[in-house]
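Here come two complexes built around subunit A, the first alongside subunit B, the second alongside subunit C.
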Partner chain A sequence: MADTTVRQGSRAGGAGPLAGLSAWANRNVKWVFTAPALVFTVVMISLPVVYTVVLSFTDARGSIQRDFSFVGIDNYVEMLSTFDRFWPAVWRTVLFTGVAVTVQLVLGLAIALLLRKPFKGQGFVRVVILLPLVATPVAVAMMWLLIFEPTIGFANEFLGWFNLPAQGWISDPDQALPTLIFVDIWQWTPMVTLILLAGLSTLPEEPEEAARVDGANAWQRLVHITIPMLLPAIVAAVLIRSIDALKTFDLLYATKGRGGGSLNEAETLNILAYSLSFEYNDYGMASAVLVVFFVIIVAACLALWQIQKAGRRT
Partner chain B sequence: MTTPQVQDEAKALTRQRPTPRRSSRRRRATAWRWTGILVVAATFLFPLFWMLLSSFKTSLDITDPSAMFGFEPTARNYERVLQEQNFGRFIGNSLIVGLVSTGLSLVLAVPAAYAMSRYRMHRSSGMLLLARVIPGVSLLVPWYFLFSRMGTVGTFLPLFVSHMFVTLPLITWILLSFFDGVPVELEEAGRVDGLTNIGVFWRIALPLAVPGIATASILAFVFSWNNFMFALVLSGEATRTLPVAIFNFIAYSSIDWGGLMAASVVITLPVIVIALLTQRYIVSGLTAGATKG
Partner chain C sequence: MRMTRPVLTAIATATAGALLVGCGGGSGGGDGGAGADGDGGQLFVTLANHPWTNVVQDKIADFESETGIDVEVTVLGEDQLSDQYNVKLNAGATDVDVMMMRPLQEAKLFSSNGWLLPLDDLLADGGDDWNWDDFQMQTSVTTEEGVVAVPIVTEQEVLYYRTDLLDAAGLEVPGTLEELQQAAATIQQQNEGVYGFVARGQRAALVTQFSSYLYAQGGDWDDGEGTATIDTPEARAAYEYYASMLKDYGPPGVTNMSWKEASAIFQQGQAAFYTDASVFYNNMIDPEQSRIGDTFGVAQMPAGPEGSAPYSIPSWGLAVNQASQNVDNAWRFIQWVTSPEMTKEIQVEGVAGARTSVWEDPEGTSAFPEQLAEVIRTSMEDGVDHDRPVVVEVGRARDIVGGPVIAYLDGQDLDAALADAQEQYQALLDDER
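Moving on to the complex of A and B:
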């Protein structure tokens, strides 16, 4: 008798907190499920970003463990006025992103339209355009470094077939950035194509059909019907590509190394911030560059978001 | 009316009423289209083919234009990379970092994505997406500070955490749009049958999400495998990953092109094989959410 009571009692006592806990978890499943991911994000991502903003107002340099003092907006003033590598880096970042993403959009749309209708060997071609996307960027950079090598590379050999003079490509300070933009276009145009193909597959056929019956030619149908209907996918593709192109690091650092080459000819904001952090150990200035860089990225995102909203309204 | 697309579209009509003029136009349009497709395929394939070709050349053949295609293939480059340069170890490191960071991210991201989708937590999901926008360099200085204080720079811990910065938002984003597409009726039926909220997730939503989880895991692993910047700063001699090992290849000596291309093939081949085997998953993952507007 006493034995059973104790056992019952202990069972109830053992299950009590557990049952209570699982009932509590069930009631708050929304936060129980999201809290671990959100805590990780706040601790490992949000706090470091806040720390970066704080560092940008200090003179932290040398060792990260050394004491530093607050210097107000000195870093920002120096960066915008006397620091001679800042503005060229801004210009290269904008140029790299603007040219690369524009060409990627035009070529990506053209290729998507080319591959839109089924054809023999479609599966093979779709795998081929997937390859640049998944290939490791550092390996892709090395591959193009060999192809564009001035004396032994295939690029100059190819020009030779047409009796064109050999070029310096990546090793020539004037040609480095355009050549690297070309490599970025090779690697990421397929991304735009894939997004636009997915977008095209969801479009209804009736509007195009109706326009064709009304006598609109292919160009008119593309400009007045297909592209407006495809606009959400186009904006999404441009948004995704712009964010990544602004932050391009692997390709530039692997081919040109520290500082973007001897004349800083391929130094974008990301490369500049990296150099300031890990070569000059000038954490204050590096953080100021990063804050401005982050503002540029967010501004680009908001601008594209506005375009999409405006496009949806019309 | 002379652009190729028009004739392409006109195919259906031509089939019904073939006139000589129409059919010659049609043939021309088809020829144009095939030329375009071939040019596209060749442009994307050739550089990778060239990398593969060069990896089997001796350093003499690489510098010799006449040996462009006609050369005696050698496996010496691969032997050198795998045995002398210790690439076996770097492959193992990349594998460990990719698998652990993907696994840890799955544990955090699957329930989070489910809850964010079902309870429409836009602000929380927006916060995770912020990770997509932040430049990785801005995290490296605080992380380096934190991990060197903990005395863990050069161990695997900083690599796991930093690669989760890549894999966690990616998995959350893909699964969020995946759960959005799963109808809630089955889950409601489960609730009627007496399942708790967690029971519904565990017994109904999770099994249904397996294809989405597969897609997200494959892509997360590929992105971790390819990541260069974090390991460049946070890895040590013993934990160096493949992209950093390849970068060091050119940093410390005159360039050994054959070896460099062999190393590039070694790092690229696994992801290309994954892409070939799971093509459909990869495409759906890369375009997830992008087409919903």
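Moving on to the complex of A and C:
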């Protein structure tokens, strides 16, 4: 008993500013512990986003330090109506992402299913397949730029073996985007494979066995058992890859330079915003493009999230 | 001992507080003033990755020991350099004092942004030894705010040609645009796998190298008083000539080519003629990069109806950041590195400078083959002082005026493209008035 009294006494005796702080911290413990992360998020993420939104309603040009005035939604109106590089950039962004992610998903799933069952040399094959993933995107871009070089590159040499005509590949305005989609697929399919392999390894085997006993063939088991059970992993893979693909910059910039090529043939929204801010110093318009881009990405994420929720319910 | 909850929360509070204080204090640390290593104070110098920089970097220690100034050098690639300036100067950074920049690309923009310190007073007090009047191309570094940079590296557009291919065809070095076109056609026909001509074909990159063709035809981007002249008959002739040379005698994929790709084609021996800046001579002759080191020559740009009119410009200059806190040291550095002695030392290493006295000194041109020195000298006399539109928004202007070449190469109607470029460029000029 005495012991308890002493402890209580010492606590009461420490009543001062420190004890007040301690009591306050104790009451608000969830805020205190999350404060560092919250502060970091606000300073490093929210502020730049808010500043970009503010800039998008101004005519800021040349230097941020110069006076600029608020122009309302003028930038958005101009961008959506008269600015002739905006809509093609939106279309290219959607096309690049849609085609690349779809092919990556199909190929990634196929490879994951092949690698699922143990076989001889499995470790080696897995490492080889994952190699493109670990290479830096700019180095990958330079490598493919050389391979697709129309005069001295290997791609045209290869076509020559089969008497096929040489192509322009990345340097040809019509072939640049498809070729770059191919490079993106080459680099990022392994990532989809990796996620789906992880998903496959957690699936129980009983449903598939039961289906086999019931006489379902391999295709039926894949479509009606494996894929529905794998849906959460598939949505996760598509979500991660889509956000990444929408924002692709390094590959496009390293191969096509500023503006996505002479005819803007590989200019996505990201490349366009970069041109507007660093080449034209048109910060108002660049910010407007980025805000719209941000909305598109968030909308895409929400859509995928809805699909996942719907998938869970069934 | 188990920590009680109040103790834990107190620690967390303190940590969060320390973090906050740390964040606030971080930005204040780097601002240099006097009193670093030497007693002469500090100086932040930002330079481009360029042969000029390679020569100068070795000598900066001399400057440091002479003056006691502690020089901190940052070297960046051309594009990164420009982006860095945009970010840093926009933020009012003070860790850039002396900045190496491209006067024709950036001087008007940076100085209208208030980023460059006008140097007129300093130049006037430069002294007889240093002598500002000795510098060429002063108009190219002068903006409405005054002189904003000291030119350090100069270049002209020249014609590179293959001596072996010309000899085999029994042709002289082309002196006119017409002769160039005929020679390119003949050589391409005679040699399998050799293209008659190569030059830059990337929309913005081609503008500077196309400019000498434009001037030779008697054209220009505008009349200097705010009226665009892209749709004049002279300009049309130049656009048609340049674009058709690339289309008929150039390699495939030319719209993706800046100087790196175009000069590689010439270095690999796959093109008979190449027009670009004089500064690439060293790349052509270097056996490590070039297969044609012994079989190429250099000549003045072929003449059009208005004679030969290559650009002759300062490709790089040194400027001082308006927000610099070390202006005296910055100016001292610029005076040292652009002094007649240093200019000569750098030029002897093969980097063309801007001082007349050094060009007149036989020792000053000793690093250049006689043929190249002669071409540079005559090009300087006949030269035009700009190689791109002289406007604030150079980046946007280059995209506009490069457009008609791309349109022609893409098979579109040239006249429509010229009308479009004229309209857009006029709008840009009106906007800047």
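What we mean here is this: the second predicted complex is superposed on the first by the 281 of 314 C-alpha atoms of A that agree within 3 Å, B and C clash if a C-alpha of one lies under 4 Å from a C-alpha of the other, contacts with A are read in each partner's own complex, and residues count from 1 in each chain.
In the analysis below, a contact is a pair of C-beta atoms (placed from the backbone, for glycine too) under 8 Å apart; a residue touches a chain by one contact, two chains touch by 3 or more.
Note that the structure is predicted; figures quoted are calculated from it, not measured.
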### Query
Does subunit B (first) or subunit C (second) touch A:69, or do both, or does neither?
neither
### Task
Name the chain, either subunit B or subunit C, that contacts more residues of subunit A.
B
### Task
Figure out whether A:163 sits in contact with subunit B (first) or subunit C (second), or with both, or with neither.
neither
### Task
Could you tell me if A:82 is touching subunit B, subunit C, both of them or neither one (first, second, both, neither)?
neither
### Query
In the superposed arrangement, does A:236 touch subunit B (first), subunit C (second), both or neither?
first
### Query
So, does A:150 touch the first partner subunit B, the second partner subunit C, both, or neither?
second
### Task
Would you check which partner chain A:21 touches, where first means subunit B only, second means subunit C only, and both and neither mean what they say?
second
### Message
By the touch definition at the top of the document, which applies to A:115: first (subunit B), second (subunit C), both, or neither?
### Response
first
### Task
Name the contact category of A:280: first (subunit B only), second (subunit C only), both, or neither.
second
### Task
Could you pull out which residues of subunit A sit against subunit B in one structure and against subunit C in the other?
22, 25-26, 29, 32-33, 36, 64-65, 149, 151-152, 257, 277-278
#### Entry: Residues of subunit A defined as touching subunit B within the complex
22, 25-26, 29-34, 36-38, 40-41, 44-49, 51-52, 55, 64-65, 111, 113-115, 117, 119, 121, 124-140, 142-147, 149, 151-152, 154, 157, 186, 190-191, 194-195, 198-199, 202, 212, 217-219, 222, 232-233, 236-237, 240, 243, 247, 249-250, 253-254, 257, 270, 273-274, 277-278, 283, 286-287, 290, 293-294, 297-298, 301, 308, 312
### Query
Taking the complex as given, what residues does subunit A use to touch subunit C?
18, 21-23, 25-26, 29, 32-33, 35-36, 39, 43, 62-66, 149-152, 166, 168-173, 256-259, 261-263, 277-282
#### Entry: subunit B residues touching subunit A - in the complex, by the definition given at the top
1, 3, 5-6, 8-9, 33, 36-37, 40-41, 43-45, 47-48, 50-51, 54, 62-63, 65, 68, 107-109, 111-112, 114-116, 119, 121, 124, 127-128, 130-145, 148-149, 161, 164-165, 168, 172, 196-198, 201, 222, 225-226, 228-229, 232-233, 242-243, 246-247, 249-251, 257, 260-261, 263-265, 267-268, 271-272, 274-276, 279, 282-283, 286-287, 289-293
#### Entry: In the complex, subunit C residues that touch subunit A
5-6, 9-10, 12-13, 15-16, 19-20, 23, 82-83, 86, 89-92, 109, 112-115, 201-204, 251-258, 265, 268, 270, 392-393, 395-396, 399, 402, 406, 409-410
